[in-house]
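So, here's a batch of structures to check.
Two complexes, one shared chain (chain A), two partners (chain B, chain C).
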Partner chain A sequence: MIGAYLDFVRLRFLTMLAYRVNYYSGIVIYAINIGAYYFIWNAVYGGSETLGGMTAAQMSSYVAVSWMARAFYFNNLDREIANEIRDGSVAIQMIRPYQYLAVKMMQGFGEGCFRLLMFSVPGMIVAALLFPVDFPDDPARWLWFAVMLLLSFFINSEINLLTGLFAFFVENNEGMIRMKRVAVDLFSGLVIPLSFFPGWAETALKLLPFQAITYLPGSVFTGTLQGGAIAQAAAVQLFWMVALLAPLALVWRSARRRLFVQGG
Partner chain B sequence: MPAIEVHRLRKEFMVQKNREGLAGALRDLFKREYTRVVAVNDISFTIPRGEICGYIGENGAGKSTTIKMLTGILVPTSGDIRVNGFVPYKDREKFVRGIGVVFGQRSQLWWDIGVIESFHLLRKVYRVPPDAFKRRLDELTERLQLGDILNRPVRKLSLGQRMRCELAASLLHNPSILFLDEPTIGLDIVVKTEIREFLKEINREYNTTILLTTHDLQDIEALCSRVIMLDDGKIIYDGSLDELKARWGKGKEVVFRFAAPVRPERLAALTEGLGVEWMIENEYSAKMIIPRGEDALSAAISRVVGKLDIRDMTVSETNTDEIVREIYRSGSAAVTA
Partner chain C sequence: MFHASLFSEYLKNYMKTRLTYRSDFWIEVISDLAYNFMNLFFILVIYMHTDLIDGWTREEVIFIYGYFMVPYGIFGAFFNLWNFGERYIVKGEMDRVLTRPAHSLLQVALENVDPSSLFGALAGLGVMAYAWSGMDAQLAWYDPLVFALLVLGSVAIYFGIFTAITSISFFSDSPTGIIPLMFNIQGYGRYPVGIYNRIIRIVLTWVLPFAFVGFYPAAYFLDRETYLAMSLLTPVVGAAFAAIGIALWNLGIKRYRGAGS
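After this line comes the complex of A and B, so read on.
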């Protein structure tokens, strides 16, 4: 059965590869974003050494790595699920002996792997040529970052699955999908690192799962977090990955009872 | 143990009501109103192993909803279901290993990849051992003539080719029960015939129980020993096709083609008192139906022929299509005889 789940990763990867031309435009968009944020932050720093606990060099690395990490953990599982519910093809998913949400997660993972290889890695190299990006020189830090990136993927995908499943309860959850996307980009620290928020907001955001998606792995990569704080950050991610399973299971259970299939 | 046992099965849906106007829309925003719709209304039936059973009814009668409850997709509002000894929605993952499902209007194959790749993925999903899979695939390939199309992506197949692949996909894990929801919809007569023959063979050789919904009564005539007819969520007939025909199909029909336009009232007036019915096709053509037991054929024909100029006329027995249409219309197959 594990074999079947792995096949969903492989198939999605191959499908993405077949449609890779769609992604060339994405590379440009990401490059523009990184460039824009780089120049904005340069202006914000002006002459100052450090702001919000980050040096200007750390900030440019943070911007680059956050966007490239986003390419990996980002997926449209919420919209895919909403569409399958709306057009009724979710019925087909229910007659197969597998866990629908697990399959979706694996498909998202296949997509993430594709983007990581075809997009993030080359993109990071290009970004390093254009902007001053400091790569960690400690292999252990790389390892931590890799593990945390994977956890980011799971947390973000769990949030996506939850958002997608709301299509069972409302006629159209498009608005919710968009709201979620903005919330993730803003609250995860992609647009502004958490340490730049006012104190009360930072405290509030640290109680939410979003920071575990971008801010924590980004801070490990740039070296803002050191020593024991790294393991602690990974533990927070792990906590959210497990904690989000509970609402997911609950929503799925009540969604099963609510399910009705459009078109007959 | 019967293949399918259903007892007082019921499914209700809550359908959102949209109130009219801006004020209504605003009120909807805060407090939704719902209407309760009963799609399947306390139905009971049992299907023994190896039977091919046709499940028919008008659009919206509740056929698909029943199939979706029997296959574990929908959770019933109340009532008991046992299929293959399982309660479908409870042990869903274990249960679906033993059934095959084809939805005529939806594909279960993966759109972007080759047919054979879909099959291999299904093999892993259903955990079919490789050698058993190979034997099964070879057999299905031969019987459904899939040889040329196995390597094509699903999106490049014609509807007939796709439907043959869907059937193969639903049988790869050798299920003991096969559910078919409008399997022949949109297919040409050649493919329809092939699929019917194939289903008969499968049923004969593997004793596969088949439950199919269809709007094509030739499917039923070719395949089913038993028919369950549904109307408005209730079973209105459950029995053999022969009996259905014997009880309902004794009437005769006469199709007239007239030389000049004729108004319906004129026809009705002509045959008044004979107990016949008219179905108007257009102003030049009409069908006269003489109910079973009415001995009015020659009287009715002579009255029409005597007064109107006839171009053409055919006499035939009512066929199943009409029987069923008649039952749908009256909403009951409760035979008074």
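After this line comes the complex of A and C, so read on.
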């Protein structure tokens, strides 16, 4: 059974590989975005040593690693699910002997593996050539970062699955998908690290799952988090990965009852 | 007159289809505004940590962003050809367009009008007004006219660059990925060019002149002494790039051979 799920990872990886040319321009686009934020943050720092608990050098590393982490965890599972619900093919998938959501997650993971190898890693090298990026020199930190990156993929994908499943309940969840994308970019700390938000907003955002997607792994990479705080951050991620399973199960259960396929 | 009536007919068509899917219309408007809201929020947050960015105050940078939204919104309403190569070249719809009496570029643009992005332009005016009320600056009687001229120039720059890129579809039917690239580069125009390094400044001014869709024309209202010449260049650069775009388009039309039946 596990083997079947792993095959979904492999298949998606190979499918993506066939369209790899599309991703070369993606690296350039992400480099352009990193540049935009790099220059503006540079101007914000001006003469100041540290702002929001980060040095200017940490900030440029944070921007680079956050965008390239996004290149890995980003996927369109929400839109895929919404489309399958709308065209009714989800019904066929539901009578197959596997867990639909688990399959989607595995397909997303296959895409993530592809993105990591063809997009994030080469993109990070490009970013390091163009902008000042400090890589951690402690192997343990790399290890923590790798684990946290994986967790951020699962948390982001769970949120995507949830957004996609809403297509069962509303006719058109395209607006929701777009809003979710903006919310994740803003609240996860991709655009603004959490420590830069006004106090009340920072407190509120720390109670939400979004920070676990970008801010926590990014802070470990740049070294703003040290020692025990690293394990604590990973624990927060683990918590959200598990906690998000509950609403997923709930929505999935009531969604299955609602499903009504026309035609086909 | 003929073109104006065409325009109003297509607009009516658009309204009819949109009234069938009313929620889609508002979804588009709101998700557009949400993206702009995020960028404005970003500006507000960074100014909580500094007073000046490259010598510009918070209100000034917000004003620049507001200006940036205006030509962008207008352009988006009249130029919505993101899947041109796919729809018109690969599927051969261009054949039909060429039999129409209007100029092919105008015909294609009219078939795709998308007035929903005008809300972005309106919001941009609001943002400019908000920023202006926080500044201690005077308006001369001719400034609204200058503003209209500058916006026209900025729209022409967008139009020229994106028409030129769209024309590539006539020469190669494989997707090039240049359009999303341009989309990300144009975002550089909404901040003072002084924050970038020399190479990027030169590119943004003379090669892909996106500094003229945001910063330079907005600076006319903020720091007239320093930026008078650059801001008034906006319509000139706009005319030049629009001419390049149209020339490339016409060249492409001449090469067009149709795609089977």
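The criterion applied here is as follows: the second predicted complex is superposed on the first by the 262 of 264 C-alpha atoms of A that agree within 3 Å, B and C clash if a C-alpha of one lies under 4 Å from a C-alpha of the other, contacts with A are read in each partner's own complex, and residues count from 1 in each chain.
Keep this in mind: a residue touches a chain if its C-beta (ideal position, glycine included) is under 8 Å from a C-beta of that chain, and two chains touch if they have at least 3 such contacts.
Here the structure is a predicted model, which is why all the values come from computation and not from measurement.
Enquirer: Under the superposition described at the top, does placing chain B and chain C together on chain A give a clash or a fit?
Expert: On the superposed model, which is not a single observed complex, chain B and chain C fit side by side.
Enquirer: By the touch definition at the top of the document, which applies to A:43: first (chain B), second (chain C), both, or neither?
Expert: second
Enquirer: Roughly how many degrees, to the nearest 10, is the angle at chain A when you join its Cα centre to the Cα centres of chain B and chain C?
Expert: The three centres form an angle at chain A of 90 degrees.
Enquirer: Contacts for A:117 in the overlay, against chain B (first) and chain C (second): which applies, first, second, both or neither?
Expert: Touch partners of A:117: none, neither chain B nor chain C.
Enquirer: In the superposed arrangement, which partner chain does A:243 touch: chain B (first), chain C (second), both, or neither?
Expert: A:243 sits against neither chain B nor chain C.
Enquirer: Per the overlay, which chain contacts more chain A residues, chain B or chain C?
Expert: C
Enquirer: Between chain B and chain C, whom does A:257 touch in the aligned arrangement: first, second, both, or neither?
Expert: It touches chain B, and chain C stays clear.
Enquirer: Applying the document's definition of touch, where does A:18 land relative to chain B and chain C: first, second, both, or neither?
Expert: In the superposition, A:18 touches chain B alone.
Enquirer: Touching A:192 in the superposition: chain B (first), chain C (second), both, neither?
Expert: Touch status of A:192: second partner only.
Enquirer: With both complexes overlaid on chain A, what's the closest CA-to-CA approach of chain B to chain C, in Å?
Expert: 8
Enquirer: For chain A, give the residues common to its interface with chain B and its interface with chain C.
Expert: Looking at chain A, the two contact sets intersect at 171.
Enquirer: Show me the residue ranges of chain A that touch chain B in the complex, using the header's touch definition.
Expert: 1, 3-4, 7-8, 11, 14-15, 18, 88-89, 91-92, 94-99, 171, 256-257, 259-261, 263-264
Enquirer: Report the residues of chain A in contact with chain C in the complex, numbered from low to high.
Expert: On the chain A side, the touching residues are 22, 24-26, 28-29, 32-33, 35-36, 39-46, 48, 51-52, 171-172, 174-175, 178-179, 182, 185-186, 191-192, 196-198.
Enquirer: Provide the residue numbers of chain C that touch chain A in the complex, in ascending order.
Expert: Touch residues, chain C against chain A: 23-24, 26-28, 30-31, 34-35, 38, 41-42, 45-46, 48-50, 52-54, 175-178, 180-181, 184-185, 187-188, 191, 194-197, 200.
Enquirer: Where on chain B is chain A touching in the complex?
Expert: Its residues touching chain A are 13, 16, 59, 64, 68, 71-75, 89, 92-94, 96-97, 99, 101, 103, 105-108, 110, 112-113, 117, 121, 124-127, 181.
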